[in-house]
Each structure stands twice: as structure tokens, then as C-alpha cells.
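Look for chain A in each of the two complexes below; its partner is chain B in the first and chain C in the second.
Moving on to the complex of A and B:
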């Protein structure tokens, strides 16, 4: 099913998407999308939505099981508190991606903005994965409590820019960040440390990269030919010693 | 008691035990969560470590022969109006540990309480009073956006009127009280069961707080408002659709501008599952929502929630009472909130830095009056309902809040008191001897959900009845007639400026 989003207010567009999903449509293609907010918000059916154009903020917020493919760039807040499903962005994306995300995958082909992967968390069998192919802004993996973030630094619109910004992993207390080609340790937050990847990590990276490459028609060997490092929190309880009990 | 440090000897409480009355049943030993009491087998006697006592009174309440009493330690530092004992002991503790002082429950410091300076009106002779025992009296409250105007159409054949204007979703409360947001994790499941069951029985609402909704409580959906905070704990598409409303928590009266840390040792299986976070890891709520840096961003989250629930739930935004509360509330209303919840600086907390709890924020009375006035002045008061919390101690306070402009009242501390809390203010230790703010199964079973629910129902019934009596006395038969009716309030002992801010006249005028 195709919907022409040209000039459609976001509320009307999203209502049409919801109605289409309710009536059992499995694949929806949106043409001429131009900044409409909240596409795929709260969708809980395994449908596939292809977006031709640039969707607005809060794409796939609270999404639970749908797949969204963006053929161009995307904006801020993708996958806000997403539970399950997948978002694939063929261009670059904005700030605060995967906020509080606890399941599913977000694959960004190019650069990402600030505070990406903030407060991602995993529990039980849920393990969110966010992969950015280009460079990232400051606060990458802030407050991260679980799941996997991968930063490749390969496919950037601004290749002269640094691979990642300052305060990398600040407040991180769970999960893992893999970075291709190493990190700038002077920009790491005090809560995290850099470690060599082991066989288990390599297996995970290979699996995640093969899915990523399939989405974008890339050759995994080009990505895997460089070493990865992993960034882990030093403590599950970064602020455990901050407090003084009241006097007895 | 051996080898105690000097600072430990400046203990706050003294446990007094009458040995002649003590029957050596050891209830005190079993009941104390802080290991104050100890049985010495060789001597067949009980002894106590005063330095560990927090003054919760669990032992004295449960001692079957009344052998125990707890007193403030009369041994004091030299009297000093500037340096209180608490100040001195806090400095010692911080000099020892280098840490931030933790505190719990609401601000106990000596700030003015405006409720105690406001008096209600009653009818005499003209506009006679109404007897609520014999005449209908309405407390029912609807929370949500109200339209600017309404259009009524009449059926052509029957002539019956019907409302043509489409109303946005409303929360229907039979009493103007909500069991306030206290998260699962801070409180245990027994307390949440009690609040949910009481809300159902009363036809009112229980707020989940930011710790998610336990799977057993989804069945209370019609009486639940689910909260979304910066940590997004337990927030999913099912959760958002589980209740009748959604609340975005921006701030909390006890700790404006501060996030929260639920310590990892409190995160057990059930809490991990409900909060949807890893077992045993700290549940960190960042101070801000990192996707909200402006009113426009707040609007984005409000509408993301509305989109996720297909515009079927009103969205509340909870903010702490701070200096520019009126301007902030105006922004929140314009961002599309259906309800604004204002939490005053006496609002409780499970844990907050003491310096924040005792020094940040403003009284709810002033905040409420300022917000109500501002929204009226801007002509947008109908666009939001106002819920207030933080310092309502009785139906008297509650009805004064209604007269100042509140639509409904959040009951936090009073809810805990009804369930057995004695305000010892040590919630953050996770060892609540009354079984409320603890997830330790041995302690948590001290709250029986059915009995606690009954107490909550009783309290709200009692307050409701008292409110009806007060309304009747004023010659009003519906709470709606008192809402924002400050003419029914008079001030005693307040400055001109205070009265101006509260919008009330002095008594006698």
C-alpha cells in the first residue's frame, strides 16, 4: 500500500498509517515524507513501512515489533523507548537516538548526532542494538544501562570530523559499546574503560555487522578488516558511593 | 556498644525498657530492621544499642506488655539557636564520609504553612447551609481539557438535548483524590496492590510512579494513571495503553531539578521485570529528560504519547513548585498537556539529597494560587486541570486547595501514613520496619494489601465526608462550585503581599 504524504499533517498521516495497519496491511510505502513527526509511534504489529523522504522527530517511538526503512536522512529521537522492531536509515540521523530503547535494532548508515543510545537498557532476553556507520557527537552512550552500541566511523558526510565527541559513555553502568578502529581515550567519561575484544565479542560483532551490511548492501569484510575495541562501564553502580548515610 | 566512635555516641533516640514488664518474648528483636535489640541468653535479658535506633517506634508499638518506649535523647549539645543538633551531627557525618547527606519524605524544616493561615467560610441566615446527610452533595471530578465553548443540539422529534462538541478524554474521579506517584521499587508490591485496589473501590485513580506497572496490576487499568519519567522505566506501548491516563514526570517537589537513583540492591527479579531493566543494576533517572530542552520538546513528548495511544488518554505533566512556576505552567498548558500536576516542596520522596529537600522549591499553596491566577489571566485555565500535591495533611487543607484553584489532590504522605508509616524518614535505607519502602520479603509482608486498601478507602471516605460537611456549611452542593472560589477563603496573620499572591482577603474584610 502506498500513501502520498505530500502536504499531509502528521496527525492525518499517522492516522492513515494506523488505519492501514488495523485493516491488515503488511507493507506500507510512504512517498514525499517531509518532516512529519511520530511515524510508526506505538506500532505493535510486524508491518514494514518504507519511507521515501525525510521523516520528522520521534520516528518509531514506543514501537513494538514493526520495521521502518528510511531511504534518505532522518531526524532526532528515533526509537524513543522502543521495545522491539527495526529502523534502518540510509542517510544520517540526528540527536538522542534510541533513548531508553530496550529491544530491537536501529541501523544508521551515516553520521549520528549528540546523546545517541542514551539510557539504552536490556533485561531478560531483550537486548537493543544501535549501529552508526559514520561519526557521532558528544555524550555517545550516556547513562547506558544495557544493550549494544556500535560506532564504525566509516561512512560520514563530514569525514574530516572526529569519529566521536566528548564525554563518551558518561554515566554508563551497563551494556557494551564497540568502536571500529579504537577510541580517543582523552574524550572518554570517567565511568568507562577501554578493553580488547575477545572471541565472544568478535562473534557478536560479526553477527551484528552481517545483518547491518545486508540492510545496506555492504561487504562485511571491508568493515571487519579493522580492529574493534570495546568500552565498558567500570561499575554497575557508578554513583553508589556518592552518599553519606544520615547520622545514626 | 563496644568500640563505638565518638560521633556514634551523639545518638538521636534512647530506647527505654522496663525489665520488670519485659516477658522476654523477643518481638522487639524480630521486629527491628536496624538490629537495635539483642537477647542475651546467659543473662536471660534484652539489651539495646541506642546508636542504631531511627525512632520508627515499631518495637514500642508491637511490644505486647508495653515495656519499651522510645524517647528523644535529652543529652544535648550546648543550646545554640543557630547550630541545631542536626546541623552539628550532619557536619560530623560529612566530615567522616565526604558524602552527600541523604534524606527521605517531605521537607520537615520550619517554613510557614499557608494552610494554617487560611480559614473557610460558612453560611448564616442567608444562602442557608445544606445538610449533606439528607441532600445530594457532589464531589465527582473530571480531569482533562475542557472546551472553550460547547454546542448543544436538540433531537427534532423528542426535543432531547445532546452535546455536539466532541470532548477530549477525561479522567473521572468520584473523590478529588489521587494516590500519588510512588514507584514500584521505592514502595513494594503489597503497597501498590493496596493503592490499586483502594482506587478501584473508591472510583478514583492510583498513579504508578516511574517504576512501571506490575503485571498483576494491569487489571486495575480503569483506575491507573501510568507515569513516564526520564529513566523510562517499564514504559512500553502496552504500559501506555494500560491505564486511563499518562503522566510525564518532569519534577518532584521534594527534589526539584534532581533525578533519582534506585540502588541496585533494591532491583530484584520482579522489579527488574516491571521496570524492564537489568537485575541488580542501579535504576538511574537522569535529572532532565534528555529529549526535553524546551516547551516545544515537551510538546513533542506529549504528542508522542498521544500518538502512541491514539489520543484516547489525557496527558498530565508533573512539575515541582519552583520560582517561575506560573510561567512554566503556562508553557506546559500551551505544550498540549491536559493536566498539570504541581508538587510542592513538602512533597515526599524515597530518597533525596537532604540539602535539596530542605532548601529547594516553594510552598504548594503559593504555587497553586500563582498558576491558577496566571492561567485565568491568559484565558487558558479551561485547557488544563490542576492537580496538586505536597503538604495536604487533612480534608481541611484539601478543600482550601480546591478553593485556591486545584481540581484534585495528590495524596502521597497521607497514603503512606494510612498504610502504617510513622514518618521516621529512612525510606532510602530499604529497611522500612513498617514494610512499606522495602523490598525485603520478610519486612514487606508486614503490609497486608487487603487491610492497607481498607485503610486507604476509610481515609478517603472520611475526608470526602468532611469535605461534604464543609461544602454544605458554605451552602454549596458541589465541589465544582468551590473550585477556584477564593472568596470563600480568608487569611489570618499573613502579609499584604502574601494575601495578594494567594488572592485572598484578610479575615474580617
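Moving on to the complex of A and C:
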């Protein structure tokens, strides 16, 4: 099913999407999207929505099992508190991606903004994965509590920019970040350290990159021919003693 | 039985929106273009403020200061006109054309004056003996009208430019001011969601002084210290909102102190000390000096701003990028907005789109003599 979103107000567009999903449509293609907020929010069914154009903020918030493919760039706040499903963005994306995300996957082909993966978390079998193919701004993995972030630094519109910004992993206390080609250790937050990947990591990276490459028609060997490093929190409770110091 | 939904997935959007563009070659573009861009971000505001900054709109009067003045009562108008007549030669004065619309309730009266300063005794004393410039005198008059005449506010005071602003959504304000009838080579627009300060006509963006204009998304948490610092230099804050200090601060840093625009941006949003400590010698010394001299000029809190003058358009974020800003280029045009879609709405296929990093100014100047 196709919907022409040209000039359509976000509420009307989202209502039409919900009605289509409700009536059993499995694949929806949205043409001429430009700036409409909240697309795919709270969708509970395994439908696939293809977005031609630039969707507005809060794409796929609270999403629970749907797949969204954005053929262009996307904006801020993708996948806020997302439970399950997948978002694939063929261009770049903005700030605060995967905020509090607790399941599903977000694959961004190019650059991402600030505070990517902020407070991602995992629980039992729910393990969110967010992969950015380009460069990232400051506060990558801020307050991260669980799940996986991967930064490739390969497919950027701004290759002159550094692969990642300052305060990398600030406040991180769970989960894991993999970075292709190493990190700038002078930009790491004090809560995190850099480690070599082990066989288990390699297996996971291979699995995740193969799915990522499938989404974008890329050859995984081009990505996997470089070493990855692992960034982990040094402590699970970095601020445990901040307000109420405990005896050592 | 159909289960009840536990949540109604709706959210009130609470932001401000801003957008702007410049033609570096000075190509003039009609007001309908900027309206289209800001109207796309309708939901970032709540109807309590909208406004536009327009440059190159008065080429027939480009040697004269264009005063846009807002009057809340007739006494204010009478006193202001007496004040202007005793200090200026007024070449042309008229109502700013407006259109009565349902969306705009109780607008104040708007007039504009195209004028140049008279060589009064006060003027000659200031220029010849106090080392002041003509622009300094304009600033002094603007401050005097805003501060001393109850109900009169100078909305803009630059040459060949003007601000159009008020209480309403930006597209309604544009309709009210018949903005589609103007054309300019630099445009900025703002959609307001007032948080800490009242939604009144003077509090809408842009804030201006001479031909500087500022539109801002965020909060200037350092307003108190910035305001007190500016007061030492004769700038009086009368608009009841934080953004005003940014316009005056840039006038002070760039026009009065002669800082290049890039360094003025550094004073507003300097790197953190830990980063400065890691820099090579020259840069470290420069940034240390900037932070020491302009400590009271630092803007704390989240912001994305666009500031414009007849010379150019500059976009700047706070140091940790707590508000969005996206830029794009197409031919000699540069676009800056809170959302990429607001740019795409008026420029579907830019040759380059990027998000500047926090504290990294995007400076676009006009080329040659526009």
C-alpha cells in the first residue's frame, strides 16, 4: 500500500498508517514524506514501512516489532524507548538516537549526531543494537546501561571530521561499544576503558555486521578487514558513592 | 473483548523552531519562501510568538536607518515621534502595512521611519569629543526609547533590514505583516514556545540592534551575569526575555571591540578548560585570553542561534549541543534550521547537508558588495 504524504499533517498521516496496519496491511510505502513527526510510534505488528523522504523527529518511538526503512536522511530522537523491530536509515541521522532503547535494531548508514545510544538498556533476551556507519558527535553511549553500540566511521559525508566526539561513553555503566579502527583515548569519559575484542566479540560483530551489510547491500569483508576495539564501563555503579559514601 | 489501550501515544511537542538562509551573491528572494520553511515546523511553537528578520528589503532607503517601532498606546507614539524628530532627519515615515486577520488578536500599532541622525549639539559632542560613532548614537537612542518611553519598543533599527514579529504562529504573523510582499537576500524566522518569560509582542524573536538580529532556540541560563555585564556598556535589557542579551553581546564584541565573528562565537561558546589545556601553545593562549576577558559574555545553557547582519548569516550551538541545528548548501545559498525537513521544504536537493558540532560556528558572509 502506498500513501502520498505530500503536505499531509503528521496526525493525519499517522492515523492513516495505523488504520492500514489495523486492517491487516503488511507493507506500506510513504512517498514525499517531509518532517512528519512520530511515524511508526507504538506500532505493535511486524509490518514494513518504507519512507521516501526525510521523516520528522521521534521516528519509531515505543515501536514494538515493526520495520522502518528510510531511503533518505532522518532527524532526531529515532527509536526512543523502542522495544523491538528495526529502523534502517540509508542517509545520516541526528541527535539522541535510541534513547532508552531496550530491544530491536537501528542501522544508520552514515553520520550520527550527539548523545547516540543514550541510556540504552537490556533485559534478559532483549538486547538493543545500534550501528552507525559514519562519524558520531559527542556523548556517544552516554549513560549506557545495556545493549550494543557499533561505530564504524566509514561512510561519512564529512570525512574531515573526527570519527567520534568528546566524552565518549560518559556515565556508561553497562552494555558494550565496538569501534572499528580504534578510539581516541583522550576523548574517552573517565567511566570507560578500551579492551581488545575476544572470540565471542568477533562472533557477535560478524553476525551484526552481516545483517547490517545485507540492509545496505554492502560487502562485510570491507568492514571486517580492520580491527575493532571494545569500550566497556570500568564499574557497574560509577556513582554508587556519590550521595551516600559506603564504607570500603 | 477488545483490550483497552494502556497509552494514547501522543506527545505535546515543546521546542522552538528556527530557520534562515542567505544568498551569498545577494539574490533577493520573496518572503513566501521563508514562510514555507518555518511553517513546516509549526508544531515546534505554541502560537505565543513568531517573527522574521529580513535583509535587503529596503534598497530605496539603504543609506537610512530603518526604525520599526511598536506602540502600545498613542501617548507612546507621540512621545517617540517627538524624540525621533528632535534627533533625526526623517526622510519617510509610514504605518508598517498589515493585514487584519482572525489569527492575530489585539496587535499593537507598528510604524516605520527611514531616518538619519541630525547634527545636534549632543550628536556633535559625542562624535567630536567622546570618540563615539554614529552607530553608538543609534544604540543610545534605541536604548532611550525602549527604556524611557512607556509602551514604545524599537523592533529593529538597522539599514536596509527589518524585523517583523509578534504573538501568534509565525505563518500568521507573516500573514499579518504581508511578508510575501518583501524580498531580501537574507531571511531568518522563529517559532516560539515561551518557557520562562511572557509571550508578548516585544518578546517574540528576532531581537535586534542596528542591523544585528538574533533568533534563538533554548535558554540563556547565564542571563543575569550577561545582563549585568552589558549594563556596564550602556546596554539596557527591556524585552523581558533572555535572548535579548545575545544581540547586544554580539554588537559589543564585534562592532565595539572589533572581534572577528569567529572569535566572538568562541567567546559565547568557548571550549571547556580541559580541552583548552590540551591545545597547542598559540591556540591555548588565545582561548585562555578570550575566556578570561569575556567570562561574563559566555552563554550558559542550551541554545541554537542564528544571527544575521547585512554582511552575513551565522549559526551557532551551545558547547554540548543541547539544541538542534542543521545546515545545507545549494549553489550560492546556505540554509540553517532546527530540522532538515524545514530546509528540504524550500531546497529539496541541497548539494551538502551537515550538522555543525557544539560550539562550532557556521559563518556565511555575502560576497563582494551586495
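Convention: the second predicted complex is superposed on the first by the 243 of 248 C-alpha atoms of A that agree within 3 Å, B and C clash if a C-alpha of one lies under 4 Å from a C-alpha of the other, contacts with A are read in each partner's own complex, and residues count from 1 in each chain.
We adopt the following convention: a residue touches a chain if its C-beta (ideal position, glycine included) is under 8 Å from a C-beta of that chain, and two chains touch if they have at least 3 such contacts.
It should be emphasised that the depicted structure is a prediction, and the values quoted were computed from it without experimental measurement.
Legend: residue contacts after superposition of the two complexes on their common chain; A:191 is shown touching neither chain B nor chain C. Of the two partner chains, chain C is the only one touched by A:75; chain B is not. By the document's definition of touching, of the two partners only chain B reaches A:126; chain C does not. Once chain A of one complex is fitted onto chain A of the other, the partner contacts of A:63 are limited to chain B, with no touch recorded for chain C. In the superposition on chain A, A:38 contacts both chain B and chain C. In the superposition on chain A, A:113 makes contact with chain C only, not with chain B. A count of residues in chain A touched by chain B and by chain C gives the higher number to B.
Residues 37-38, 41-42, 57-58, 61-62, 76 of chain A lie in contact with chain B in one complex and with chain C in the other. On the side of chain A, the complex with chain C involves touching residues 10, 34-35, 37-38, 41-42, 53-54, 56-58, 61-62, 73, 75-76, 92, 94-95, 111, 113-114, 137-139, 157-158, 161, 165-166, 186. On chain A, the positions that touch chain B within their shared complex are 11, 14, 18, 37-38, 41-44, 57-58, 61-64, 76-77, 80-81, 83, 96, 99-100, 102, 115, 118-119, 121-124, 126, 142-143, 145-146, 171, 173-174, 236-248. Interface residues of chain C facing chain A in the complex, by the touch rule stated above, are 7, 9, 11, 13, 40-41, 43, 275, 278, 320-321, 324, 326, 339-342, 344-345, 352-355, 357-358. Chain B makes touch with chain A in their complex at residues 7-8, 10-12, 51-52, 89-90, 92-94, 96-103, 230-232, 235-238, 240-241, 261, 263-264, 272-273, 275-282, 284, 286, 290-291, 300, 303-305, 307-310, 353-354, 426, 429.
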